[in-house]
Amino acid sequence: MKTLTHVDERGEEPRMVDVSHKNITERIAHAQGRVVFPEDVAQTLSDAGFMTKKGAVLTVAQIAGVMGVKATSQLIPLCHPLMLNGCKVEITMQGNEAVIDCRVSCQGKTGVEMEALTGVSVAALTLYDMCKALSHDIVIRDIRLIGKAGGKRDFQRAGV
Amino acid sequence: MKTLTHVDERGEEPRMVDVSHKNITERIAHAQGRVVFPEDVAQTLSDAGFMTKKGAVLTVAQIAGVMGVKATSQLIPLCHPLMLNGCKVEITMQGNEAVIDCRVSCQGKTGVEMEALTGVSVAALTLYDMCKALSHDIVIRDIRLIGKAGGKRDFQRAGV
Amino acid sequence: MKTLTHVDERGEEPRMVDVSHKNITERIAHAQGRVVFPEDVAQTLSDAGFMTKKGAVLTVAQIAGVMGVKATSQLIPLCHPLMLNGCKVEITMQGNEAVIDCRVSCQGKTGVEMEALTGVSVAALTLYDMCKALSHDIVIRDIRLIGKAGGKRDFQRAGV
Amino acid sequence: MKTLTHVDERGEEPRMVDVSHKNITERIAHAQGRVVFPEDVAQTLSDAGFMTKKGAVLTVAQIAGVMGVKATSQLIPLCHPLMLNGCKVEITMQGNEAVIDCRVSCQGKTGVEMEALTGVSVAALTLYDMCKALSHDIVIRDIRLIGKAGGKRDFQRAGV
Amino acid sequence: MKTLTHVDERGEEPRMVDVSHKNITERIAHAQGRVVFPEDVAQTLSDAGFMTKKGAVLTVAQIAGVMGVKATSQLIPLCHPLMLNGCKVEITMQGNEAVIDCRVSCQGKTGVEMEALTGVSVAALTLYDMCKALSHDIVIRDIRLIGKAGGKRDFQRAGV
Amino acid sequence: MKTLTHVDERGEEPRMVDVSHKNITERIAHAQGRVVFPEDVAQTLSDAGFMTKKGAVLTVAQIAGVMGVKATSQLIPLCHPLMLNGCKVEITMQGNEAVIDCRVSCQGKTGVEMEALTGVSVAALTLYDMCKALSHDIVIRDIRLIGKAGGKRDFQRAGV
């Protein structure tokens, strides 16, 4: 049966899960999210070469995403601090949406889902910040895990 | 016409917008987002009193959200650092969704939308982290601005 | 003879001790401290269900303690940054005192005493902060090491 | 009657107290704590000129204390971030005890007690860290508020 | 006569200078530094469009510089934390050198020289990091103040 | 042929280099830089015993340098976070220049050049900060790598 690993036996006290007994393995995770712009905003961005021609704003969000990945254990209270082998944040425009993919790899005792999800979130917030003067209707959506490997069971979301 | 305030005249170099000329006003912002759990996960959480009886896990996410609000200018590259007057993160269960509301107030020259949106994001990631052992299908959705006041124009989303 | 490991041969220049030659072992540490409340404050807290019924405030302090453990090497200048296997902060009321126990485990070349002591300190400060409106006479006391294992010599304080 | 300002009306949800309505005033706070060394350790430190002759280790602890003051709002979940006018950490040996005094001043809407108490705590932890190779029996004691001014009521502890 | 403001009357104890009595004014500072590349490295960078065509690497360094500006008071022990009005990091290639200019503005009681100098330093380190695989002979040079205004006396370096 | 490791195949997107395939080795790096004071400033500092007699200010810069080393991966966007075995910052006066040497060691998959260079930079900025009231003409110069070992090829600069 499924149990809540961060809540101890008495069910009340949060704790950082003890991973002393776990093996160190090569772990990877891939998370994805999207920033949905109103159509006229997406058009303004596109006209300004925001996304494809100069790339600057996308780069800011990518860099913020990578730094967000590294800040994960300082943001999420019960996350373990860990070393990283690599990290990549990609952003592609699909219509009026920016799709953010973050892939993280590490050699450690715990998975890197939270790092990948945090990277997506911080990149999304940075895109929002850089475009917020254009609209109050930008929405960050569908931040979720796409795949992971190296833990007890590998996982890969179908059709992505 | 709408312009991209973070990209300078030449359209290439990101910068922190200069707010020297702006007045210091009382500013508030309200952002919202949701964490959608698969139904059996929501049931397990509910059965465990996770949400309503002991409150512990919600409290962890709330605290993470408040600390995330305070970390905003360190996470979002072009955000101004600012003082805060107050900050509140509320989480309520609606069916199998956790709805996160973050309200931030400040006396300053720039708005606090990014702080409110970051608070929602970090609280959502923390909820995800604490429940991720239960499912790979938890999704963070619909992080958006609900209202703001104190800047050039007040904004309040209808029907929320 | 005992020597001061952080001061170099000339006795003047602080440095981070070089642990290159040390083995990686499983290390644990347990530290404890207490927050002493005036009796009427302890009573008010108790009446408010602060400690036992809703648990919220204790949870805030616990979470702050865990995050403090993770911030140790950023706070203590000559501490080594390290990975953690686990961390737990427990708070129990004994009369008008809150007793804070912090246990930390790690696989590394250096001990985790400072992490455990920092966790206790930050949890204690957080308790203080949440109750400071009630009195100026709250005192943080007796922060000390209770036990450690995995280094050159294990240690366990008697009678605790 | 005394109330718990960080717990909201329902008594369950922690929040950062809203200080929007408060005036900006000149605020100061003074906190104190002590690090008690076993006598032979205090002697070794003294013989090494640790405390009086070269001052290096004391300086490390002072600097850590000042940086701890600046980190307060990142460590204590519900503390407001604030600007500082000044900060001073002094350490004096009294027998086998190091007495740490931290004074903080600020122009703001909230007091700086937590900043002063955090400065004392981080300085104390740093002293502990630098001497921990000498003994497991060093104890951090009696961290408390000595005085404050600029808020609703000034406070000065008698006889200190 | 010139005096050392960070060392107190006894000349031994570092402290954060008390600025309680100072007025809040509009302050700006401009600092500059350069990263000198071996000629073949500069050529490789140029051929790769590193600097002029796609701009990505320059953008990473600019963003790092802006975030470094915001981290100043956490890096420099006796710096006051402060709010910022604006911040801009510009990088231009002059022959085989990258010239970094950082301009910072703030409304406060202390100058922003250290913020501008830290922005230059972090941008320079980031350029170094991104190119270090090409050579061990990259050098960071001539980080200095170019101008400042808003304090006791304005300053502007001639011929820059 | 030399290639830019932080820019991906398409030459546009920055990423944290993947080191999954690299071996964990003992790595050391040594960086150096200098702070050049105007002669009268150097004389004032010397007369005040700033450098040699009490050592306090040098100690502040050394401590800042060590803490800067530990903050490297938070400052430099594409740097890997890593554990450290040891770190030492030395500052010696040569005429009117302060020469800063930073040596860092680590057991890991990536080198520690950036850590050593960041330690030098933060120590230099701190020296600047503590002396800036004396002159606007202090300059930070010649921050560069002196040696490294443990990676693909060892390196040692001649004549240093």
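As written, the chain order gives the labels A, B, C, D, E and F, with residue 1 at the start of each chain.
Assume a residue touches a chain if its C-beta (ideal position, glycine included) is under 8 Å from a C-beta of that chain, and two chains touch if they have at least 3 such contacts.
Computed from a predicted structure; not experimentally measured.
With contact taken as defined at the outset, subunit A and subunit F are each touched by C, E.
Using the mean of the Cα atoms as each chain's centre, the chain most removed from subunit C is E.
Two copies of one chain, subunit C and subunit F, form a contact in which under half of the residue numbers belong to both partners. In this assembly, D is the chain whose CA centroid lies farthest from the centroid of subunit A. Taking B-E and B-C together, the pair of chains sharing more C-beta contacts is B-E.
Of the pairs listed in A-F, E-F or B-C, the one whose interface repeats that of B-D, with over half of its contact pairs matching by residue number, is A-F.
Taking each chain's centre as the average of its CA atoms, subunit D and subunit E sit 31 Å apart. Subunit C and subunit E have Cα centroids lying 37 Å from one another.
Taking each chain's centre as the average of its CA atoms, subunit C and subunit D sit 16 Å apart. Taken residue by residue, subunit C touches two or more other chains at 12-14, 54-56, 59-60, 63-64, 67, 71, 74, 77-78, 83, whereas all remaining positions touch fewer. Chain contacts in this assembly follow no simple pattern; the graph is neither a line, a ring, a star nor complete.
Interfaces, counted as pairs of touching chains, are A-B, A-C, A-E, A-F, B-C, B-D, B-E, C-D, C-F, D-E, D-F, E-F.
Across the interface of their complex, subunit C is touched by residues 54-56, 59-60, 63-64, 67 of subunit B. In the complex of the two chains, the subunit C residues touching subunit A come out as 26, 55, 59, 62-63, 66-67, 70-71, 83-90, 105, 107.
Subunit C meets subunit F in the complex at residues 8, 12-20, 73-74, 77-78, 80-83, 108-109. The touching residues of subunit E, counted against subunit F in their complex, run 2-7, 11-14, 33, 41, 44-45, 48-50, 54, 56-57, 60, 63-64, 67-68, 71, 74-79, 113-114, 117-118, 121-122, 124-126, 128-145, 148, 155, 157.
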